[in-house]
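One structure is given below, encoded as structure tokens.
The chains carry the letters A, B, C and D, assigned in the order they are written, with residues numbered from 1 in each.
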Amino acid sequence: MLATAEYQVRVFIEDTDASGVVYHANYLRFMERARTEMMRSLGIEQSATFEHEVAFVVHSAQMRFLRGARLDDLLRIETAVDNVRAASLVFHQVVRLRSGEPACEAQVRVACVHLKTHRARRIPTELMALMGATKQLPSG
Amino acid sequence: MLATAEYQVRVFIEDTDASGVVYHANYLRFMERARTEMMRSLGIEQSATFEHEVAFVVHSAQMRFLRGARLDDLLRIETAVDNVRAASLVFHQVVRLRSGEPACEAQVRVACVHLKTHRARRIPTELMALMGATKQLPSG
Amino acid sequence: MLATAEYQVRVFIEDTDASGVVYHANYLRFMERARTEMMRSLGIEQSATFEHEVAFVVHSAQMRFLRGARLDDLLRIETAVDNVRAASLVFHQVVRLRSGEPACEAQVRVACVHLKTHRARRIPTELMALMGATKQLPSG
Amino acid sequence: MLATAEYQVRVFIEDTDASGVVYHANYLRFMERARTEMMRSLGIEQSATFEHEVAFVVHSAQMRFLRGARLDDLLRIETAVDNVRAASLVFHQVVRLRSGEPACEAQVRVACVHLKTHRARRIPTELMALMGATKQLPSG
């Protein structure tokens, strides 16, 4: 089965803008924090992948901004690995207000690249194994 | 004809991350700067719309991250209004490296809302006129 | 006695820059998070003070950047109220690496202002009481 | 004579917070942009110094936040090199509203370090020369 995780983010004044709600680009930051903590809980630290000259970078994102989160809100981010390929992963993420209503929803494709050149490369097998994702790979 | 515009953004150290390139969420910021300057050049200031209790908020975005921009790069952002509806606009934006290659490409739907309630509302006619967009509206 | 508190901040990729360490301005954000959580633990929520047309804003800061925190570091922020006046507070804050070594140290004066006008005003007595700070005020 | 420069920054919605003004930590970003452009105008690009394994990092800052800048404001940043030592520089910077009133004022000490180790090192002589600062150095 593919990994899922929950992560909480508190909305601080730095996250809001003059319209009174969370600045839209910050949801991308919150969602990356959630993916990073999910990876960490699986034993994968970003600084360690950097040492192996491997980086995971966001390749594409489809985002919908549904409700404005406000100062002091405690957001809950649901993260699920939707799909795993040889060199990329797709995450489905929902940022929820305390009421349970979604503030932001996204599909995010993360690609595995060489740290220096930023060229695509296969996800190292040991990382694949940690994500419990080996069965999802095409056999061919 | 619908509006188009070009805008330049310098990459500062604050925009980059430890992987050596621009942090992905920052392209959303750059693209909002470009839309804001485009609107300003058409005579529409965000602070003025706020005074009319009107805000333009990002409703959804489809983003592709193609190449990592680096420190000191001078980016060129092409912005085009793709589509205008009664209560929202679609922008197509490309962030280009100095070489002309795209770093990031996006379709961004911006909705018109009441500033306080964040509920959808029609774009005020005078703003529509400024965007040269009246012909694009459905006649019905 | 004046309030003290500890708060932890994880360093995410968004917090770093191309030199490989935390971007210096982000320590001001981390320190504000720590002060906000300290206030929250005392029963003072920023969004609630906004409803009373009161805001706490940073008036001045003396910062020393001592060591660069890195990706994945778990920082510990020590916050102490150093001094309380009628319309402002001074915090002393130290951001420590896991080793205990300081990454950043600061004295931050936070002023109480009217939310709309940003003019100085006395800290409301009920907030003073919550900060256990009544004894620190000059008797005159 | 020591170098001085002026730089303009437009306030975008990303720079503001829910209290309606520029988020305080962002002045540190604006001031770094101004210093970077000043250095660039003197022929010193940050990415080039990185290639020489040299980085300029903020060592300490004394900041005063005087007035809140608002959305759409066009800020003028005055930057002056106040003092040059063998391994560090002090800048005095004022961020002004269009009215000329100061929004933020700071003294910022920038240290020259080895990029990898972040240990202090002498400012390379060719950079010193570019800053027109050779006369300011102690003769001993």
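A few points about this structure:
As a convention for this text, a residue touches a chain if its C-beta (ideal position, glycine included) is under 8 Å from a C-beta of that chain, and two chains touch if they have at least 3 such contacts.
These numbers were taken from a predicted model, which means no experiment stands behind them.
The greater number of contacting C-beta pairs, out of the two interfaces A-B and B-C, is seen for A-B. For chain B, the chain with the farthest CA centroid is C. Chain A and chain C have centres, each the mean of its CA atoms, that are 29 Å apart.
Centroid to centroid, with C-alpha atoms defining each point, chain B and chain C lie 34 Å apart. Between the Cα centres of chain A and chain B there is a gap of 24 Å. Among the residues of chain D, those in touch with two or more other chains are 13-14, 18-21, 25, 29, 32, 50, 70-71.
Taken together, the chain B residues at the contact with chain A in this complex read 18-19, 21, 24-26, 28-29, 32, 50, 55, 57-65, 67-68, 115, 118. Interface residues of chain A, counted against chain C in their complex, comprise 10, 12-14, 29, 32-33, 36-37, 40, 45-47, 50, 70-72. Of all the residues in chain B, the ones that touch chain C in their complex are 13-14, 16-21, 23, 25, 70-71.
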